[in-house]
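Note that chain A is present in both complexes that follow, paired respectively with chain B and with chain C.
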Partner chain A sequence: MLKIIMPTMMLIPLTWLSKHNMIWINTTTYSMLISLISLMYLNQLPDNNLNLSPLFFVDSLSTPLLMLTTWLLPLMLMASQHHLSKETPTRKKLYITMLVMLQLLLIMTFTATELIMFYILFEATLMPTLIIITRWGNQTERLNAGLYFLFYTLVGSLPLLIALLWLQNNLGTLNLLVIQYWAQPLPNSWSNTLLWLACMMAFMVKMPLYGLHLWLPKAHVEAPIAGSMVLAAVLLKLGGYGMMRITVLLNPLTNHMAYPFMMLSLWGMIMTSSICLRQTDLKSLIAYSSVSHMALVIMAVLIQSPWSYAGATALMVAHGLTSSLLFCLANSNYERIHSRTMILARGLQMLLPLMATWWLLASLTNLALPPTINLVGELFVVMSSFSWSNITIILMGVNITITALYSLYMLITTQRGKLTHHIKNIKPSFTRENSLMILHLLPLLLLSLNPKIILGPIY
Partner chain B sequence: MKVINLFTSSILVTLLMLTLPIMMASTTLYTNKLYPQYVKTTTSYAFMISLIPMMMFLYSGQDTMISNWHWITIQTMKLSLSFKLDYFSMIFVPVALFVTWSIMEFSMWYMHSDPYINRFFKYLLLFLITMMILVTANNMFQLFIGWEGVGIMSFLLIGWWYGRTDANTAALQAILYNRIGDVGFILAMAWFLTNLNTWDLQQIFMTNHKNLSIPLTGLLLAATGKSAQFGLHPWLPSAMEGPTPVSALLHSSTMVVAGVFLLIRFHPLMEHNKTMQTITLCLGAITTLFTAICALTQNDIKKIIAFSTSSQLGLMIVTIGINQPYLAFLHICTHAFFKAMLFMCSGSIIHSLNDEQDVRKMGGLFKALPFTTTSLIVGSLALTGMPFLTGFYSKDLIIETANTSYTNAWALLMTLVATSMTAAYSTRILFFALLGQPRFNPIITINESNPLLINSIKRLLFGSIFAGFLISYNITPTTTPQVTMPHYLKTMALTVTVLGFILALELNLTTQSLKFKYPSNLFKFSNMLGYFPTTIHRLMPKANLLMSQKSASTLLDMIWLEKILPKSVSHFQVKSSIIITSQKGLIKLYFLSFMLTLALSLLMLNFHE
Partner chain C sequence: MLRRSLQLALGRDVLGRDVLGRGLGTRRGGSRLGKVEGSGGYRGSWVAPVSSFVTFKIRDPGHDVKTVGRLGEGDWNGKMSEIKKKIQSFLPGGAWTQLHDTSYLPPEHSDVVIVGGGVMGLSVAYWLKRLEKPRGAIRVLVVERDHTYSQASTVLSVGGIRQQFSVPENIQLSLFSVDFLRNINEYLAVVDDPPLDIQFNPSGYLLLASEKGAAVLESNVQVQRQEGAKVCLMSPEQLRNKFPWINPEGVALASYGMEHEGWFDPWSLLQGLRRKAQSMGVLFCQGEVTRFVSSSSHAETASGEEVTLKRVHEVHVKIDHSLEYQPVECAIVINAAGAWSGQIAELAGVGKGPPGTLQGTKLPVEPRKRYVYLWNCPQGPGLETPFVIDASGAYFRREGLGNNYLGGCSPTEEEEPDPENLEVDHEFFQDKVWPPLAQRVPAFESLKVRSAWAGYYDYNTFDQNGVVGPHPLVVNMYFATGFSGHGLQQAPAVGRAVAEMVLHGNFQTINLSPFLFNRFHLGEKVHEHNII
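== the complex of A and B ==
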């Protein structure tokens, strides 16, 4: 594990010791190399895990997420160059340091063996994110957004700490590898219900579950581009990852505790999708689309069948790349139009045809066009929810339809139609931006060739 | 043994060949002016090569399956790339390639002034590839790839002129209706996975399951969406916003029949389920009648043909409803020729008349456009099922079989009325566009001498005359046709058609010079497309969007959720801190207390001891 952690730590001195004009190039290249190291962990047995040290392990659930994390850092660096072009070198370095810190913490979170260590790192990721949002966001509302982000997550996760302490006391260990064998079935009682809630709420807020999602659109909208990317791509997945890890402790209580949350996510995914239909703000639309997709993941995790776990893992990775791509595209619009309002940036296909291709591909992956991994994920979730209860197919079907609608609505509004006059003198798209989009799409397409590696532990 | 090898390899060559121009799109070839030419030639070669396996299939009649490249295994389910080369795919692939070849040649003429003609051809080819995937797929996942692929390509092609709002809404509308159908497809997939644990077609058909109503409903819904059956039909006429070659290729001959094709593919499941068959029959009958009624009063030439396509699709669904999938398939094949040609003829007229689509502003074209006129007449006659033209071989057979089967009399009656109306609206096109005096602007833009136009239409013209004979002569009838029947049943189809012709002609002649004062309610119903756009396209989206704005976004997200958690917490905190704190901002009181203590201490100091 040090193979990844040490180089990532060394990224910080690299940033500070680089010449001013080499900051971005050095860090991007170096982090790209780091992401290649993480690919090594793909080579493992499907039903086994690699114990790298007493503290860290990887299995086929954490590997895809680890890959996603390391893959995203160079992309974030590439995406934020324009945003920071007017800042002083020191501030740029500080910004990069924050991103690196975040990556470091995320890597350790995804590979932590101990639940309590997982918890500490999970909480620690809040700090760099908060700094990124509140320091480098674009508007004054960023402070409010940061507040929402911090308090929702904190209030949600504090009960988890108490629950973990209690579990440590009872089980004697919080080692993830051990507890799956030691976990006692939880009988149905008031205290156990509270335990279940304490364990799950932290992750439900993080996902976010509908009703607890208010922080997400605010944080996504106000964060600078790198913040939005990492929030959508990785931080939300912490919730799914945590839920999948902790449910082993909570059986068989999940079977009936899950109902309200499943109802809420079924209802919420339709609600949030229909909010997307009325969004005028591009980033907010993408954020709400994230909520809707994550509701599917919550569904899948709560159903707890092998198919649903496979679907949840695949959907998390697929959504990570897709939503990050969409945020990048939205940002490239923002850098030209200086507004997130969709109606101000219409008919861009005329001016930026290559960018229109990326928009098209991004929208198509967002609406889960076969054979992308988005479809693999969504299809598996729909399958498992269908076998859980046949009626859910109606709600799922409505959601599928609305997802297609808002994805293409977004595409049509931004790319199609007539050009408005005020955007006639915008900059052409840079090679940096185009390669950024390609680097998002490439893994999506390549993973479609072999989705097996992102289907999680059970297949 | 060698024969078999040639069979599979030549079909793979056909499929792989089509991908070549797509791959070449990343080279400088793509910027070349000859790219459309290359694409067209590739398609024609692919057609010729695909004739080899087709003829071998006709000769030997054996199904083959190619299975290679294992994609993924999830638990006990294996998914791999596999092609099913059976009766349906082997006949349909050459037909689709032939039609596409002609349409591509036609679009080289029709789209020649478009700056992005190369991209247009790339899209057409991509569509063709997804259609081939759909037709040859052997498992549901692969079928779904093709299924969604044609949907997306139709979105892109309908919205080709992306500067126009109408084109964009039509494209979005197509996706919306298709997506509703996809839900049915996914439902079927989910059911098959849960109950049969397989997506392979053979395995699905082998498993004997008692109650197949759920997946069949899903498949019917899928077909309803894709093939524009009643309820989900409005997207097809709207799709006419796209360029005419697109209408000719996607919305007449290939993509829209995908739904019917799906039902034909899954026919082994449907053949024992009487309830589903009745539902299918009724759905098809309603569609064919309703769209025929709508076609009667349209004035846009492309819209009339589009509604006639919808009506024919309804007829195909009727055929499936009377348990004759092979006849439905025959009609798919024959229909492709003349319907594509009708669209191309209308494209020729539209282009010649400077983008005029209204039949009322045409007239007298039989002198100005003799070749188009000929083709249009042949196409219309083939569509109505004139004996010994292509349409006759399938349509007449369908009506005959329906007549002699134990079927729902209402459905049969509706189908017959629709058949008669087919003749009526065809007459209307011919009457208004070709006969009488010219009613268009006297600017001379009329020109149909381009070989690209002539050759492409000519090829389909031959197809419309002979293809039905060739196809029905060469394939063995799989269901026993009724050998004897009373005269009145035998001539029923022809009689209603001729009746329709005569009636429409007489009506057109007599009412031509009458003033059209107050439209009757029936006319309004037909002209307003059964009030579908007003109700379904206005009220429902309005209600939905209003709901999402008012209740989902504003009420729930911005007010309630905000109030319940963050706002109430902060409110509570502020209030309680105000209550609990000892300092209330009462400056006077504080100063008073200061003064009191000061005075008191002074007094105390003064008076102590």
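== the complex of A and C ==
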């Protein structure tokens, strides 16, 4: 594991000591090299795990998320170049340092063996994200957004700390590899109910679950592009990953405790999809679509069947790439027009046809077009929820329809239609932007050829 | 070593340059709110912290004077007192607060910035909010320099509305506007607020023409009738029968608007639009636009001419009586600044180029001063008096119910008064306004001038008609200005046209393509006969 952590840590001196005109080149290339290292962890059996050290391990659930995290850093750096171009060198280096620190903490979180270490790093990821949102965001509302983001997650995860400490006392260890075998079934009592809630609420807030999702539209919209990318692609998956790890300890309470949350996520996914149809702000639309997709993941994790776990993992990776891609596209619009309102920039297909291709592919993956991995994930989740209860298929079906509706609405409003006069002289797409989109799409589309690497440990 | 680390702590690198971008003159607590021009030692509102617990030895005032200016290289004492001030400020008991009140500043970002808060700007704001497809989609900011509207053309206007133009588009604009004004309480209703009364007096307009102008008047009336205006032609005898107080000597033909013409109170319209726009979510801010930050790219026209396409992406709004300005990031700018539209257009780079090219075509709108006089004449014409425009150009209308009349005359090109200020020239009334009016209406031979004022026309020196629509080169600047005295009566319709242009990309209800900016470069004048 050190072969990923050390180079990532050394990216920080790399930024501070680089010459001014080499900052972006150095950091982007080296972080892309680091992402190649994480590919070697794929070389393992899916139901086994790779114990790299007493502190770190990877298995087929962590590996796709680790690959997603490391792949995203060079993409974030490429996306941030334009809006930071006017800042002083020290501020640019500070920004990159924040991103690298966040990356470091995320890598360690996804590979942590011990649950307390996972918790500490989980909380620690909040700090660089908060700094990125409040310092480099665009509008005055970013202060409010940072506050919501910080306190929702903190308040949700404080009970988790207490629960983990109690579990440590009870079980003697919180090593993920050991508790798989040592976990006792929890008897049904009030305190165990509270224990279940304490364990799960942190991750519910992070996912986010429909009733606790208020921080997400604010944080995503007000964050700068790299902040939005990392929030949508990786930080939300921390919640899913944590839930999948900790439910090992919480049987058989989950059978009945999960009901309210499953109802909330079923209802929430339709609600948030419907809100997307009424959004006028592009980033806000993508943020609400994230909530909708993550509600499916919550459903899947709470059902706890092999297929649903496979679907959840696939959906997490697929959504990470798609959402990040959509934010990059929205940002490329914003940098040209200086407004996020969708109706002010219409008919872009005429001006930027290649970018229109990326928009089309992004919208198609967002609405889970076969044979992309988005569809694989959604289909697995729909099937397993149907087998859990037949009626859920109606709600899932409605959600899939509305998802298709708003994805196409977003595509048609921004790309098709009559060109507005005031966007006639926007700058053509930069190579950097096109390569950013390709680097998002390539893994997404190639994974549809071999989805079993992202289907998680049960496959 | 210590010195260097202290330098770094203060935000300066090894060479003493300001590293964190927090130079003198930037506001603490947020780098994008409220910037200040220049570096004259203005440091934002620092309140000297008072702490009874911790006291440091402060240097004597002689040394402090040096530190107020630029922090130089060897200014050790200045730096020490800076650090001491910082420490004192965040220790408990200090009076320094992080968050300053910035409610007077415009927002940092707005989709559409409308420069000018007169009836034209407010009309565009209202229609933008009304025609946007999903509700609440666009953020609109109206920037108005003077909230008392002391020099705005809207409130100093005589307030007439007529359809008697010669250009069909002008007639259509006027017809829609009068429909708007007639149904104003359906358009501008706000919950829980009293209905508007704009005091519309539908008394009609009476245009008098001498022998020379009779043929033109008749053809104009034909055009007006085609567009749907209700105008009738009158001979001098009919004139004498209908209006006994008129002296029809020298009048060959008269046209009288029978419906939808008259005058109203512009202030009520302004307040009604403002109230409604505010209820629809338009933000208002008091300030002056001092700079447009734009990005440009080069392009070549079809004829091989090199042009620079510009796009305004930031508007700097300066607050009154202060050096402070706020950069507002925007996607679209609408120039509705009235008499000062020319200056605003120049700020945006319209007209910077060799004359004769599209690049070098300026916006030909300049302020022209016009006088309005109010007089009392007890034997004057009665309550049915229309707005009379004499063949000589002098005009008058009834004002109120106490035998008061408003009137004036447009001076010729040679006698244009200096638009520097709004001082009234009373000689002008004696020499140029009174004689023709007294000749036309004998009762006006004895009158008493009660008061007078002056207002600006946003005069379009090219063809005295409005400029509407986008600029071909400064791609996201739209114009709604240059109406040369008939702006108020066309404002509701023009607002709708500009909103359609912004939202849909073309004019949908009334086709105002003759009024686009291109005509200045192509030389296509829209010639309007009936300009008062």
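Following the convention adopted for this analysis, the second predicted complex is superposed on the first by the 459 of 459 C-alpha atoms of A that agree within 3 Å, B and C clash if a C-alpha of one lies under 4 Å from a C-alpha of the other, contacts with A are read in each partner's own complex, and residues count from 1 in each chain.
In the analysis below, contacts are C-beta pairs under 8 Å (C-beta built on N, C-alpha and C of every residue); 3 or more make two chains touch, one makes a residue touch a chain.
Computed from a predicted model, the values in this text were never measured in an experiment.
A.B. asks: Between chain B and chain C, whom does A:274 touch in the aligned arrangement: first, second, both, or neither?
C.D. replies: first
A.B. asks: Check the residue A:91 against both partner chains and state whether it touches chain B (first), chain C (second), both, or neither.
C.D. replies: So A:91 only meets chain C here.
A.B. asks: Now for A:432: first (chain B), second (chain C), both, or neither, which partner does it touch?
C.D. replies: neither
A.B. asks: After the superposition on A, what does A:139 contact: first (chain B), second (chain C), both or neither?
C.D. replies: Once the two structures are laid over each other on A, A:139 reaches chain C alone.
A.B. asks: A:401 contacts which: chain B (first), chain C (second), both, neither?
C.D. replies: first
A.B. asks: With both complexes overlaid on chain A, does A:370 touch chain B (first), chain C (second), both or neither?
C.D. replies: The answer is first: A:370 touches chain B but not chain C.
A.B. asks: If I apply the document's touch criterion, which positions on chain A are contacted by chain B in one structure and by chain C in the other?
C.D. replies: On chain A, the residues that contact chain B in one structure and chain C in the other are 278, 418.
A.B. asks: Could you please specify the touching residues of chain A with respect to chain B in the complex?
C.D. replies: Residue list for chain A touching chain B: 148, 151-152, 211-214, 271-272, 274-275, 277-278, 306-307, 310, 347, 349-350, 360, 364, 369-371, 379-380, 382-383, 386-387, 390, 393, 396-397, 400-401, 404-405, 408-409, 412, 415-418, 450-452, 455, 459.
A.B. asks: Per the contact definition, I'd like the list of chain A residues that touch chain C in the complex.
C.D. replies: That would be residues 87-88, 90-91, 138-140, 278-280, 337-339, 341-346, 418-427 of chain A.
A.B. asks: Under the stated contact criterion, what part of chain B meets chain A in this complex?
C.D. replies: Listed in rising order, the residues are 71-75, 141, 144-145, 148-149, 152, 155-156, 159, 162-163, 165, 168, 171-172, 175-176, 179-180, 182-183, 186-187, 189-191, 193-194, 214, 544-545, 547-549, 552-553, 556-557, 561-562, 565-566.
A.B. asks: What residues of chain C sit close enough to touch chain A in their complex?
C.D. replies: Against chain A, chain C makes touches at 13, 19-21, 30, 33, 107-109, 111, 132-134, 136-139, 295, 297, 299, 309-311, 313-314, 329-332, 470, 475-476, 478, 501-506.
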